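Attaching a single structure in structure tokens format; questions to follow.
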């Protein structure tokens, strides 16, 4: 089975940011994304889930260059103000052309 | 002040439910409502308020509405302005935090509104049917004004566009459900209301108890933040509602509302938002800390209003209307 | 055609709730029902329909049932056949898409059924108690026949086995709840029904309003697909229900149903499935595109039926039964 | 034994709902309740039981309560002891499994309790209003005792601290809701109860039916484990409830309870926990296998109690109170 | 702490496929799996969650050879028709024998 | 964009363990965590979700040494008795100091 090496960008952020984040990553070149619900704790302490909404966990598989663009954008536009973290990992996908 | 009234309010199942929720959190209980249940209860309350309000609106002459409506919008727009300056000057808050807190106190709380309806029903005091209309109308302007203040004063560019915020507020869950169901109640009239009343009217206070139990659970988790927010904000969260309620009562009487209507008007002014304002501030004023605005509105003002505020405002209203 | 009837139907809280949902989506509101609430409402409606139907069935002689039941199965089995060929020939759809759409129009919609009950209750028109039995029986055959057609004509082997599909349909959520609760209502009789009626009967129309509000939200999101599906499918989604309703009315009268029963029979024939058929098609006909079958059934036929269809079929039924 | 009574119980919508759930699972249906719905139904039942119990408690003299309360705690504390030794000696279970099963049988089930209330209402048999107080009190001690037994006998150190377990049990969801709502019902009195009764009283049995349908779905999934748990545990799961019920009836009569009260007392003794005990055992006795304790309590004792147990205990109670 | 290198296969697919997918990966050698809910957007556009059901996100930790088999199977049986993506990543587990 | 290599520890366990697990990983040095809901099947067979509660899927981004400590702790305190699995993967994060 031939697989293609790509980057998985995982973003954990305030649920209220979903629309904005999705619009931004699409603009930067992501061809798709997957979102799940999550809650957690970080520097800003535990979120009080229901009344404020929970976190989301957004994953998008992209090429290295798009991953770079997404991280740069997050670092400048989101990190200073919003409850958000992001990380990269390596994945191997079938049908690499679907994602780039 | 009549302590009997406060005590009797304290013994209503709704307030006791709220206190049970707070107690459970303080005892570190694992009692938790599924998020979906909380969302469903909110949807239910907003629809129920809207439908009944719309139906009652269909019964009364519309001419009585203009004056209180206009006054409500006027005061609702001024509250964030003076709140903002008090918070900046006396409270020493920075711009985003002062604006976010001001947005909360200018906007209104559907939960406090519901508790007020239940309170009046329990006291067999009648009120104008169009009050849910005020609730719907009052949610938005204060938030816009507060965010506008923040933007004018803070040009760092990190805040979302005001236009965007306005669009989001006008199409927000609570506005859509309240305004939409007011319209439905109005259009569907008596025969429509009777079809849905067994679901949206009879169980209303029971559902409200469930909702306030959950509100208590959330408030309880906020209580530990009280020490972080400081005395000023706690005092603010008690003094401003009283001030706004008194103002509300006077204006309401002047606008020709009945005593029950004036009580609701006052409670609306006194209440601080817990749905629309936090949602808007999270996106439009991300630099503002939820620790301040949510703790003040949820852990101070909301419990104060439903436990002590309602009986106090009621006494004041009785006094005002009998003199 | 009496526009009064359409207008008065438009002003029922259920239809207005549906329109509010559509409007909210068009305004890009963030109003969303938790998935779990939607599932819970569906479960509630299916149980409530089943229990009441079973209880009413326990009151009437069973002999009246055979004829309409047999006819329902017959027409329900033919609808997917002619729909399939119309979609292939006139609509130029490929085999999987034609079959999937045909499956939806042959099967039935519990939401449309519920709206019909509410409509008749509002018009104080009585109907046979066993109609939920038809709803239960009609869900399955059309889907099987449509999938069978697709399999016979498309030998690519990519479709699931028919046997598997049949097993899944017969044990699907809606079949189990409807058939099971019909049986429960029948067995538990009057005293059983009275125990659960305060939960499953009195609030029914209120819950239905909530459900239709959510249906409106989903429909609204489908509206933007209307341009993609093309004029043919939109026309199909309006013409076929009318055709099937007229056919249904005639057959129902011939089978000896009352006017109210005939109206329900017609509405069932006119309705397109929204629970069982999409679920089956997603697994058994994965090559078929939801854009076609869901948009046609949700964004065209469902709103057409509950807004215009019901008053039209009612007029037709009155005309038929008074001549 | 009167088979009429068993049959008539079998035909109640609640029991039929349970059986429908079991059947659906055996048919491998995709019918599933969202987890949040199940949690919401549990919250509703606990609050409804608590509120009504508290309100009724506010009507009767408190002096009648001491004796049955004391006896309930006494038997509730002894059941896990003898159950543990029977399971060790006769059943050859290891320490953690024997303790976990004993914890379940000593504790009580709010679902069985609810079914008993519905059963008595259907049989128009009155009972003491304070029985929910026993339910609340009986949940905890047996679990603590069973875990204490396990800890004393198994010094591997892999069990959580007893103190921690006690704290968690006393603040667990079910304790908080039951005890809290008993207090609310007591404090809010008649006028409070009337405000929430349309939500927490009238629909109670309908909600219970929904709940038991879900219980049936879960039980059905456990049935396949029956062969794994062996005959001994199946026999245990039927014999012990009968034994405990008979003991309960005798003690209840001696304590001065009415026949209805005795029936509830017996059903509590006979019931096995399904909320508090599994939660506690998962954390405090992780070596114990859910296959044993959940299968016995859910797939054997629970159905036995609500289907056969209730009519049998009722017959026995009638016999005891008329001799 | 000794860890063992294994493959994590992540599958994002239409929720309706859960039974089928689980049966298939077990047959191909997976000893366990974990499923969470998700929603997302890809080539076929956004799913209309509630009425159609959401996506699922299935993870299974397997040996390299089982991972290979699963991917090959997905590529031939699922990719042509269903809403589905899959990717591989490297993980290190304790108690490697539990997974192979 | 400069990124820092860190370890992502993923733990899948009985939901009832959330409090205990969170307390433990914090004590061992984790600066934050994210939790989502999941269900699954492993050696102990399928969990009967609703009545017993589901699984949780906890992720925490930590330094290699903290990851080591967490795994060692899980292996000794949790693995013998509880329904739990854990695995490590490599991720690259922005603002590495936030996590160590």
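In this document, chain identifiers A, B, C, D, E and F correspond to the written order of the chains, with residue numbering beginning at 1 in each.
Just so it is clear, contacts are C-beta pairs under 8 Å (C-beta built on N, C-alpha and C of every residue); 3 or more make two chains touch, one makes a residue touch a chain.
What you see is a predicted model, and the numbers here were worked out from it, not measured in a lab.
K.L.:
Any chance you could name the chains that touch chain E and chain F both?
P.N.:
Common neighbours, chain E/chain F: A.
K.L.:
What rotation angle, rounded to the nearest 5 degrees, superposes the C-alpha atoms of chain A onto those of its identical copy chain E?
P.N.:
The rotation relating chain A to chain E comes to 120 degrees.
K.L.:
List the centre-to-centre spacing of chain A and chain D in whole Å, with centres computed as mean CA coordinates.
P.N.:
Those two chain centres are 46 Å apart.
K.L.:
Please tell me the distance, in whole Å, between the geometric centres of chain A and chain F computed from their C-alpha atoms.
P.N.:
Using C-alpha averages as centres, the distance is 20 Å.
K.L.:
As a quick test, compute the distance in whole Å between the mean CA positions of chain A and chain C.
P.N.:
Centre separation, chain A to chain C: 40 Å.
K.L.:
Can you tell me which residues of chain D touch two or more of the remaining chains?
P.N.:
Each of 33-36, 39-40, 203 in chain D touches at least two other chains.
K.L.:
Which residues does chain E have that touch at least 2 chains other than itself?
P.N.:
36-37, 89-90, in rising order.
K.L.:
All pairs of touching chains?
P.N.:
Touching chain pairs, listed by label, come out as A-B, A-E, A-F, B-C, B-D, C-D, C-E, D-F, E-F.
K.L.:
For chain A, which residues are in contact with chain B within the complex?
P.N.:
So the residues of chain A touching chain B come out as 14, 16-17, 20, 48-54, 80-82.
K.L.:
Over in the complex, which chain B residues touch chain A? Could you list them?
P.N.:
Those in contact with chain A are residues 33, 35, 38-39, 158, 214, 218, 221-222, 274, 278-279, 282-283, 286-287, 290, 294, 298.
K.L.:
Which residues of chain A touch chain F once you look at their complex with the stated criterion?
P.N.:
The touching residues are 10, 12, 36-43, 55, 57, 68, 71-72, 74-75, 79, 85-90.
K.L.:
What residues on chain C touch chain D, complex-wise?
P.N.:
34-36, 39-40, 43-44, 47, 51, 167-168, 170-173, 176-177, 180-181, 183-185, 187-189, 191-193, 195-200, 203
K.L.:
Once bound in the complex, which stretches of chain D touch chain C?
P.N.:
11-14, 16-17, 20, 23-24, 27-37, 40, 118, 121-122, 202-207, 209-210, 213
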